[in-house]
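Lettered A, B, C, D and E in written order, each chain numbered from 1.
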Amino acid sequence: MGDLIQIVVAKYNYWIYITLMMIGLYAMIAKNNLVKKIVGMNIFQTAIILFYVSTGAKRGATIPILEHGHGEHGAGAHVVHAVDYINPLPHVLMLTAIVVAVATLGVALALAIRVYNRYDTLEEDEILAKIREK
Amino acid sequence: MSQQYPALLVIVPLLSALVISAAGWINKRLCFPIAVAALGVAAYSSIGLLLRVLDEGAIVYRLGGWDPPMGIAYYVDHLNGLVLAVVSVVAFLNLIASKKSIELELPDKTAPFYALYVLQVTGLLGIVATGDAFNLYVLLEITALSGYAMLAMGKDRAQLSTLNYLYMGTIGACFYLLGVGYLYIVTGSLNMVDIANILPSLYESKAVLGAFIICLVGVWVKMAFFPLHAWLPNAYTHGPSAASSLIAPLVTKVMIYVMIRLILTVFTPEFAFNILAISKPIVWLACIAIFMGAILALAERNLKKMLTYIIVAEVGYMVGGAWLGNRAGMTGAILHIVNDALMTLCAFLVVSNIAYKLKGYAFDDIKGLVRKMPFTMGALVIGALSIIGVPPTCGFFSKWYLISGAIQASQYAFMVALLFSSLVNVVLFFRVIEICYYEPFSDDGAHGHGPPSEPMAEAPLTMLVPLFIVAAGLVLVGIYTGDIVNKIIEFAIPQGIV
Amino acid sequence: MKIIGLIIALSTGVLLICATGDFPRWADPASPASTHLSPHFIEKTMEETSVPNIVTAVLADYRGYDTMYETAVIFTAGLACFILLRIFVKEEPGDRLYRHLLTGVTVRVKEGTKLPPSEDFERIDATWTPPDLIIKTICRFLIPFIQLFALYVIAHGHHSPGGGFQGGVILGASIILLAISQDLRTSVRRMREKLDAVLCAVGVIIYAGTGALCLLLGLNFLDYSALASVLHCDPVTARSHGILIVEIGVGIAVMCTMIWIYNNVSSIGKYDEGL
Amino acid sequence: MIWQLDLAILTLVVIAGIAAITVKDLLGAAILFGAYSFMMCLLWSIMGAVDVSFTEASVGAGVSTVFFVAAVFRTTRRTRD
Amino acid sequence: METMISIKPLLAVLVSLLITPILVSSRAPNVREAWTFVAAVAKFLIVLSMLPTIMKGTEIVYTVAEFLPGAAIKFRVDALGMLFALVSSSLWIITSAYSIGYMRGLKEHSQTRYFVFFAFALSATVGVAFSANLLTMYLFYEMLSLATYPLVTHHQDHEARSSGRKYLLYIVGTSIGLALPAMLISYNLAGTLEFGKQGFLAGTASKPLIGLLLFMFLFGFAKAAIMPFHSWLPAAMVAPTPVSALLHAVAVVKVGVFSVVRVLTGVFGTDLLFSLDFGPVILLVASATILIGSFIALSQDGLKRLLAYSTIAQLSYIVLGVGLLSPKGITGGMVHIAMHAFGKITLFFCAGAIFVATGKKNISEMVGIGRRMPVTMAAFFIASLSIIGMPPCGGFVSKWYLVLGSLEAHQMPILYVLLFSSLLNAAYFMPIVYRAFFCRPEEAMFENTVQEAPPFCVVPLVITAVISVILLFYPQPFFNLASMMVQQITGT
């Protein structure tokens, strides 16, 4: 029991991200409304970003901006220890991922609007019904 | 300059895509020449790159001058050298062929369409060339987004089916990203070769297994591997002909390439074939994919949609071949990437010629079409023979390798599936041929007796010439299969696989 | 469908949970992620690029190639929204409404006839609603400061959180705020569609062009140290400057794309009054 | 970092996410999604990912929400689930 | 066994392909047919020019492209191939003359397509004859199947199309479904596909697997019309008569049976078949086909359908001969390829001539036709004698050798089968001839207006009839080739 709690506490970020991802995935597959699916999609992507950021976290370290860096780069002489700073790589990747997410969002919304203009509804089953009766 | 081929290959299309979209606001007629020039350069440098690889083996190009794994690097070996050449050449031919149909179908949106087209090609080339797992994801998204935009420009239910494609595509890409994340957290690296070097100590770890499965599923969604294929047929069918004739041949094949790259380079064959015992189930899945694709294709009364289902079946070929786990199967899969790209291009160019001249491409619309467009139909026959797998067209030889791989792996179900789909293809295409050749074009023509009444109205030359080039390519590739296999694919497969 | 969705989601979750079992403890300094590559970035960034903000350095230099494509992705999205939504409608015949800015009286102009050329009339639609005075004024007052802050974010990305993306987004948001607080016509008058679209491309071209310039100067693509000969400084500073240049490019591209997407989405491509 | 705060925000994130996909009004969903993104960016700033949270604050909570709202205004608020 | 490298085989295959563009482009029928003749003669001469070399016991080899070790696009001309190539190329000349007469006589539509695909079919046939390995043979086999599809469906009406479907389903279905996997399996077993003197499968696989392969090959080449894969042949009779004549007397069915012979001798090898004693199996299948085919032929009224079933029966003689696994039997089988070809094509020509002249297709309507078309029916009589295997016709030679072979192999039942089937042949041929000539004038169904068919139709059938008589007294060319081949195979 104790070590179970240990595990839960030690990795709770991961549990939460998995929960969020399941929520998003469920919304994308099971929801009937196109915009709801898009919301789910964004939750899904954000969950993955959360996962990456969690991988980058480091206990007892500070944000990845060098302290003595201000001023000219002669300050590079100051010796820098890796343990003092959070791992920057996941942050970089996730900046990209966020931008990709918003790009996808834009395209998805544009498509949803086109669909709405055509079928005058956002509910998938109603759209399919309209297509069938055509 | 040849040192910079890997960069040129991707950068020239990117820059020119931007220039096109800007130039579109000044003068629409500038766009097409720029696009042709860009893709021409890309094709030239990809072929040059392939030749260099053949001479001096794998090439590493350090982007930003940083050594991998710090920076991002391009690894170009025989495998992606070949695929790069195919992708760029196919895109180039299709661009020339599609000019007229683009102008017909999207009169006021030509400029952004060309820009998206070139962006798509950029993304595909980048995916194939890159040696960095995360970079691959970004390029995947470029390809996906431009593809959605192009496909959604089609007629009736194009937008809806593209939206579904978008959902599925995003799921696939995100799964891939997640898998890369899992790899990153256990290895701490993103560079494929670097990961491959670190992994052997971690083969037992559940995280690596999870990463592998997630990546695989993501890629499968992207390549429409049964049962994740549901999005493909509608999306490809309703898109504009220019878009579908670019995306249908290339995107699925490039995703197959990604899968093979994951197997061969990232998670070494040792891990994929020996440590995990999942190759048999996957081959079974591939068999089901082939069967289902063939059967669903039989049910179609619409040429283009029938072809999309054939693509689903072909994906089954390649996945199964890659997962047979022996040299012959892998050779067949890689060879089939080349052949299937050409075959699909041929078939879809035929469809776009038909769409350019006729109102539709359902079976009822193409009755007796041969009198109207004989040359197009001739090309269709060649493409059909190749898809069926009749020697000496190239389709036969890749099927040859796949089947002998199946025999060596004693996966007879896969062999049966391949033969079955060949038979079904015979039925499919001879049905089409019968309709095109023997049905009276108009109902008054009494069973085509007497002189043909229909005046010939063939597609313009700019659409025919590329089609003929592709059709001839089908036969040439078939004849030179030996060289392709012995000079390129032999070296693309690591010695570990026997 | 719901059942299938639930099953898929749960199975994925189970798979991921199993896979999570072998993870290193959360935030463990000894985890491979923090020991394999990142130490090099953290310790070498300063002397290799002289950029204190490691994220910016890695983003725009070590992995600058990624970032270029991420800008291209944004650009692609803008282009996609444009091609999907924009409708080039002819000025449909019929009466047009104009509004006199000073008095607020609405003038209906019959078809064919023209309005005397004067600055204090603005074109409006039938659905036009008068913008709320307070919101309008406050936004007008705020927007310059927002933009100033955005510029700061871009320029100071070397030393503090922020950079091209954030700054670009904020710049775009300022224009979008204008469009929301008044109407789309106003913001489009500030930022013409053509200019906007061309700037999108230009932004990315700045980025890729810098890389290509390095290539022309004889080093690999995006190897900023090649700029040293142009900027007359040592390679390390050249890298720092190169980062600044591309960040500016990113900023421009992102700003314009955000505006582009917003304009197309909010007016379904008709470029009328928007929301 | 203060783990209680971290935990609280994590729970809030989940709640916001679930609410966003269950609320029977698309505009509400858009706003809740904005809230979700904002929680997210708080979370990341707690974890020290300042740039990411900055981007999320501007992109996710800001522009994305605006896009959502614009799209909803242009289509409909009606949703059956 | 010395070999020489020469491009002649390739030329022989290509010559009829090369003229197809001319055929397509030429608008004037005369030009078109002139070119067809040129190609036919050229092909025949090329084949003939290789004859002396072969007779000297030399083999001519030419490799086009190699895409796998042991599996190349490669030609090799040996005695058997030579025999077959001689038959088909010589008959092409005659048939093209005949088809000119026939097609013009009936004013058929789209004759260009007809001649073009005819040329294709001939290339494929010679290609099969000269192929040096299974792959090449399969290639040309498929090419032939696809090239003959438009000929079979020439009339384009519903019947033609449905039987075309049947044709394609049987031929391509079996070749893809059975022959192709069999080929691949044997390649993976032996690592080569080159036809060997004693096959290449010996000692590579267990008996059951060999048996499976034998089954797949035997039925995989469905063109050989071995039952139960025979029913495409009667269906394909909807084609114009010259097509039936060439394809079902010469090209298609002979290609099928030739492939079977090739496979039995060149892939399995007689010794292997003998040691595993698969001979009886082959004999069983073949004799079943012979008897059933003949019985069905008895009940047919349509002349062409009757000929089709008789073809089915006769083809199995060849398989039977090889199945005997005795030198004389194999010789008889191979010679029968030639003999049956000349006899059967004459019969088809006659059927076509009758159709051109009178428009009659059924035997019951042909009472007294001999009076009006004496030449035709005389030729018919001779040819049917040849098929039955009675002197003074070539058919006798092959039948004789088959009988000897069955004695040599101590297969008494086969002897009875042969004799009985000959009786059956007589039983379905003779009544026709009888009705044609010996009927009372008032029964005659033809008034005096009916004349012989145009010379273009009659001359060829006379020639072939004469040849099939000559072949009794001078069978040397084919006979020597066959016995050479047998020597190479059995080494005796």
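We take it that a contact is a pair of C-beta atoms (placed from the backbone, for glycine too) under 8 Å apart; a residue touches a chain by one contact, two chains touch by 3 or more.
Because the structure is a prediction, the values reported are computed rather than measured.
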Set of chains whose contacts include both subunit E and subunit D: none
Where subunit B and subunit C overlap in contact partners, by chain label: A
Of A-D and B-E, whichever chain pair has more C-beta contact pairs: A-D
Relative to subunit A, chain with the most remote C-alpha centre: E
Centroid comparison with subunit D (C-alpha atoms), farthest chain: E
Inter-centroid spacing, subunit D versus subunit B (mean Cα positions, whole Å): 38
Chain centre separation in whole Å, for subunit E relative to subunit A (CA means): 71
Centre-to-centre distance between subunit E and subunit C (centres being mean Cα positions), rounded to whole Å: 76
Subunit C and subunit D, separation of their C-alpha mean positions in angstrom: 20
Shared interface positions of subunit D, touching two or more other chains: 50-51, 55, 59, 63, 67, 70-71, 74
Subunit C: positions in contact with at least two other chains: 16, 20, 23, 31, 33-35, 37-38, 41, 53, 55, 59, 63, 66, 70, 73, 76-77, 80, 84, 161, 165, 261, 265, 268
Full enumeration of touching chain pairs: A-B, A-C, A-D, B-C, B-E, C-D
Residues on subunit B engaged by subunit A in the complex (per definition of touch): 134, 138, 141, 145, 148-149, 152, 157, 159-160, 162-163, 166-167, 170-171, 174, 177-178, 181, 184-185, 190
Residues of subunit D defined as touching subunit C within the complex: 50-51, 54-55, 58-59, 62-63, 66-67, 69-71, 73-74
Residues of subunit C that touch subunit A when the two form their complex: 1-2, 4-6, 8-10, 12-13, 16-17, 20, 23, 25-29, 31, 33-35, 37-39, 41-43, 45-47, 50-55, 58-59, 63, 66-67, 70, 73-74, 76-78, 80-81, 84-85, 159-161, 165, 236-237, 240, 254, 261, 264-265, 268
Parts of subunit A lying in touch with subunit D, wherever the complex brings them together: 12-13, 16, 19-20, 23-24, 26-27, 31-33, 35-36, 39-40, 42-43, 46, 49-50, 53-54, 56-58, 61-65, 86, 90-91, 94-95, 98-99, 101-102, 105-106, 109, 112-113, 116, 121-123
Residues of subunit D defined as touching subunit A within the complex: 7, 10, 13-14, 17-18, 20-21, 26, 29-30, 33, 36-37, 40, 43-44, 47-52, 55-56, 59-60, 63-64, 67-68, 70-72, 74-76, 78-81
